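Shared between the two complexes below is subunit A, which pairs with subunit B and subunit C, respectively.
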Partner chain A sequence: MTNDIIILPLVIHLFFSIVLMFFWRQVNIQKIVSVVGNFVALVLAIWIFIGVYSQGILVVESGNWPAPFGIVFVGDMLAVTLVLLTAIAGFAVSIFSTISVIKARLRFGYFSVFHFLLLGLNGAFLTGDVFNLYVWFEIIIISSFVLISIGGEKNQLEGAVKYFALNFFASMIFLTALGVLYGLVGTLNMADIALKIKDVDNTTLVEISAVLFLVGFGIKSAIFPLYFWLPASYHTPPSAVSAIFAGLLTKVGVYALIRIFTLIYGGDAFLSTLLLALAIMTIFSGGVGAIIQNNIKKVFMYFIICHIGFMIGGLALYTEIALAGVIFYLIHDIVIKTNLFLISGVIYRIKSTTNMKKLGGLYANYPKLSLLMAIPLFSLVGIPPLSGFWPKISLILASFNAQEYWFFAALIFGSLITLIVIAKLWSEVFWKNQPKIKFPKKFIYFDQLRMGQKLTFIFPIAFLTFVTLYIGFGAEHIQQVSQRIATELMNNDSYINAVFKR
Partner chain B sequence: MRTLILKSASSYLLPVLLLFSVFILLRGHYLPGGGFVGGLVAAIAFVLDAFSNGLDKTKVVLKVHPGFLMPLGLLIAFLSGITPILFSDLPLMTGLWADDPIPVIGALGSALFFDLGVYLVVIGASLTIIFTISESA
Partner chain C sequence: MEIILAIITGVLYASGIYMILRRSMVKLILGIILLGNGVNLLIFLLGRITKGEPPIIDSTEKVLQGVYADPIPQALILTAIVISFGLQAFAIILVKRTYKVLKTDDLDQLNTTDEDS
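For the complex of A and B:
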């Protein structure tokens, strides 16, 4: 029974999405059920995290089929940490959705699909089987396609089509890579592949499969030449949906890259060089993209791309310090990116626009709220002692030790450009006087809301900001967890032994 | 398409096809068949009825909204998956089988309930799609 706890996040989300379907028309009941469901998932995720932290890797063989034949679910530290972060983001976004997403959208099973998305994310983090990973990716794509297109506005559908087409294409490449890999080693269990791939003579084909994986996951995680779908689609749905996409969807791609490239293709020299070059280009293009945008949602989107480069580059360095930095950055990034899009949702509700040119005077009118929003913005920049600062130390140290000065420069460039853009955003949106624009009359402004509704808007942001503050001020704990994950990733014997119960 | 031949045939075909779909459902697991195919055959039975007698009458025959069958089927499949965790301390989705086969149905196991769930989901999904299209057409 003890091992079975790692499967519970999947069971809970599936259960709640089914329950939500029974209340298809009663939107108000759905809101309560979804928030309760996400709260239960959060409590469970904390419990599982503590369980794995104290007992080591937990493995469930679904259907009681022994390891290389059946599908295994592996709860190692990396997986359960991400499950916990998914639960935190899911809880915040579900509360935010109850107030910010209009009823016409909620009527089409929004919450049910939302839980299916979380199910897919948790499944992708926990599975120990590559083909099963593909299946979870499909669940993620299908549910995110529904979420992005619910409402059926014109630009939304345009974004949805771009999103779906490119991600579906990525899945096809992923499947091809899987086919090549299966042809080489004859197994789909990740631990089993890790054991058998060392004996494969045809190294060219191994490298081809690795590059195919890189392209497939690269599209999903929006790295340099493959990121164009992201700015085209993420700003179109409501802020709550953008938030969960920004926080978690691209990070699933990063997770898959980390998992595949540490466990299966550990430290391949050619791949490391390729990944490092891509990371530098990703940081550069994301940063440059962010600086020219005027819509705050689009600025945040380019930041997603820019900061993906930090993680990919750290993975390419493939040392323990670098991986610890990557994991820390991942933890920081999921919370912060979710929060940024929730903030943009509140700004939209206050001013009916997210265009920086039309915004202003937020600090004068809402000083407390502005200070709350300042914390995640400054954490993003990495002002010590806030959360963005700590992982960058590890990454910069690792790049210096590895004498990868281009990546070192790219890290500095990325941080600097983040600082410049956030400074610009702060002065434009918060400090500048409100420019004279026409405010639309038919719009429910933040001021017109009741106190309870305002609190529902603010609570998720405050909750995520609190988590960010904990990551910043309790950096020692996070660093310990990241170090432990990095050690586990570098020595994959513990993972393999746990799967095969040796 | 309301011809006399189709109309009189469909009143016999509906129960026969439904019975056949249940046969296919039970035949599954070791032989070709199962919930998906069975569900499609059952959906065809109702679509044929809708063609000959009109959509409104079919909805009366069906009694519940087809959309309701989807969560119901999912729930049954879900319960069959978690039963091993709840009652016998085995991992998720372990196949549980009764010791003695039951006449007509055969060996009874949790796989049958999973298939039953799939059967209902397929009926629900395909009928919802077809009914929605024919209502808006």
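For the complex of A and C:
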């Protein structure tokens, strides 16, 4: 197997997004092409994952320029795992989009932009160059701006303005950090920076660049004082778009934090303390935010924030067990959060609202569907043996070992509040009798759909639920993968040696 | 030269952030443009300014000798300019659409997304 296969996920999404542009107005062809494209990407991602798992880190030098001079693409375990998860989420969401996104939106290049978004995500995961990472981030945000504002409804535009302002600001801060870092080390290759940053005498400037990176990625991944754009914007686009945003966009910020703060600034005491404090506050504010919301989409949004805290805190502890927990949580979280927003989309299609006060009686009317939805909800809480339980063991163990009892308390608090809110959600949406409200007449309800359309709605949820179940019951395999990624992250020599071909 | 550039960078950052913090959406765009230019100047400045030393290898030598101007920051700035140009174009259209739909230029009026629906 040659090294070049790791850029195939990029090529495939670029290819399909260009192909989709040729069918600008033929929506039905676009649907088929997009689903096929995502299926191909999924198969490729599995192939690449197996390849990297068996052979170790694969490196591609673009233009054949040797490592510190050209841009490198590095497929280490962390990157290919995330590429695989992107493919899983992308496949599910593309199927869901075919049925849930209305034609008026699809006719303005929805699928094409969707593939560009996945291209940007894959690029961000695979690149080994900081400036290239910036470029991929820009591709991601440009695509997400289009996806969030496509359709142009009132609240969508409002959400888009807020989302745009904050994300553009984050990019500028990221670019500033990059400028400062380049001024210090004179290179952009991440492995080369990792080697050279140890020789920089001016540690204050190094820490300034680190904090600028933290602010830039922090806005993107919605950590504590920087998350306010998220609850204002994520619920405004259609559920399919929310799902891909929730599953992957904030996680790419987390990925960048993990990469930068292990490879380049690994084990800096000041940064660890800062990250840990932010993590505790993130868990707290996300949890408290979730408990007062009535709209299920907003509840899930605050859960995103709350659970980002788990990952950031694990990163701050910077031990092998903690990082293994973080990676496991990341794997679990991407699948679950995508699924939750797809579920909210189905609930909206059934009842024409996502407000808990107006919902009810779902279990009485749709018992099988409710059971299917129960699995991701309980996995989110972390009821053993479902998937949320295992990473929490690692995180709690690591926080105990590091004697960080505040973080330990925050983890327990976050899990407890998730349990309370999910219990409330379950009783309000599924068990309570349907309250008397006026259902709008001009709305295509779930019951009025044909059998095939219903299945298209349910298949992505069932697929992601199956993946969640595998993560829960096959936890040994996932733990093995996370353990290996954690070892790679802690000893970055393997990454650096692979980049420089030593 | 460095001092002047440093001051200009600082002024651009400060005025850009000030403009972003205003309530008007047009000023938001202006702030974004100023901030983008500030960042570009910062990268240019941090890449060390060297006058009249192009990074061209002499035909008799294999590697560059002595002091030379670093070409990478310029490449970075060029990329960043193109990207922020695209984003600014998008922002102007977005703000125009938002103004047409909402009939307001005041960012504080954009609060229907926080309502409980």
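Here, the second predicted complex is superposed on the first by the 501 of 502 C-alpha atoms of A that agree within 3 Å, B and C clash if a C-alpha of one lies under 4 Å from a C-alpha of the other, contacts with A are read in each partner's own complex, and residues count from 1 in each chain.
Heads up, the rule we're going with is that contacts are C-beta pairs under 8 Å (C-beta built on N, C-alpha and C of every residue); 3 or more make two chains touch, one makes a residue touch a chain.
Just so we're clear, the structure is a prediction, and the values are computed from it rather than from any experiment.
**Student:** After lining up the shared chain so the two structures overlap, which partner does A:Y53 touch, if you call subunit B first and subunit C second: first, second, both or neither?
**Tutor:** It touches nothing on subunit B or subunit C.
**Student:** For A:F39, decide between first (touching subunit B), second (touching subunit C), both and neither.
**Tutor:** The answer is neither, since A:F39 touches no partner chain.
**Student:** Which partner chains sit in contact with A:A165 here, subunit B, subunit C, both or neither? Use first/second/both/neither.
**Tutor:** So A:A165 only meets subunit C here.
**Student:** Identify which of subunit B and subunit C touches the larger number of residues of subunit A.
**Tutor:** Residues of subunit A touched, subunit B against subunit C: more for C.
**Student:** Taking the superposition as given, does A:F459 touch the first partner, subunit B, the second, subunit C, both, or neither?
**Tutor:** Neither partner.
**Student:** Just checking: does A:F500 make contact with subunit B only, subunit C only, both, or neither of them? Give me first, second, both or neither.
**Tutor:** The answer is neither, since A:F500 touches no partner chain.
**Student:** Between subunit B (first) and subunit C (second), which, if any, makes contact with A:F400: first, second, both or neither?
**Tutor:** neither
**Student:** After the superposition on A, what does A:A232 contact: first (subunit B), second (subunit C), both or neither?
**Tutor:** Touch status of A:A232: second partner only.
**Student:** Residue numbers of subunit C touching subunit A in their complex, please.
**Tutor:** Touching subunit A from subunit C are residues 20, 25, 28, 32, 35-36, 39, 42-43, 46-48, 70, 72-73, 76, 79-80, 83, 86-87, 90-91, 94-95, 97-98, 101-102, 107, 110-114, 116-117.
**Student:** Within their complex, state which residues of subunit A touch subunit B.
**Tutor:** For this pair, the touching residues of subunit A are 1, 3-4, 7, 11, 14-15, 18-19, 21-22, 24, 60-64.
**Student:** Quick one: which bits of subunit A touch subunit C in the complex? Just the residue numbers, please.
**Tutor:** Residues in contact with subunit C: 131, 134-135, 138, 141-142, 145-146, 149, 152, 154-155, 157-162, 164-165, 168-169, 172, 175-176, 178-180, 182-183, 186, 188, 231-233, 235-236, 293-295, 355.
**Student:** Which subunit B residues qualify as touching subunit A in the complex?
**Tutor:** Subunit B reaches subunit A through residues 67, 70-71, 74-75, 78, 82, 84-85, 89-95.
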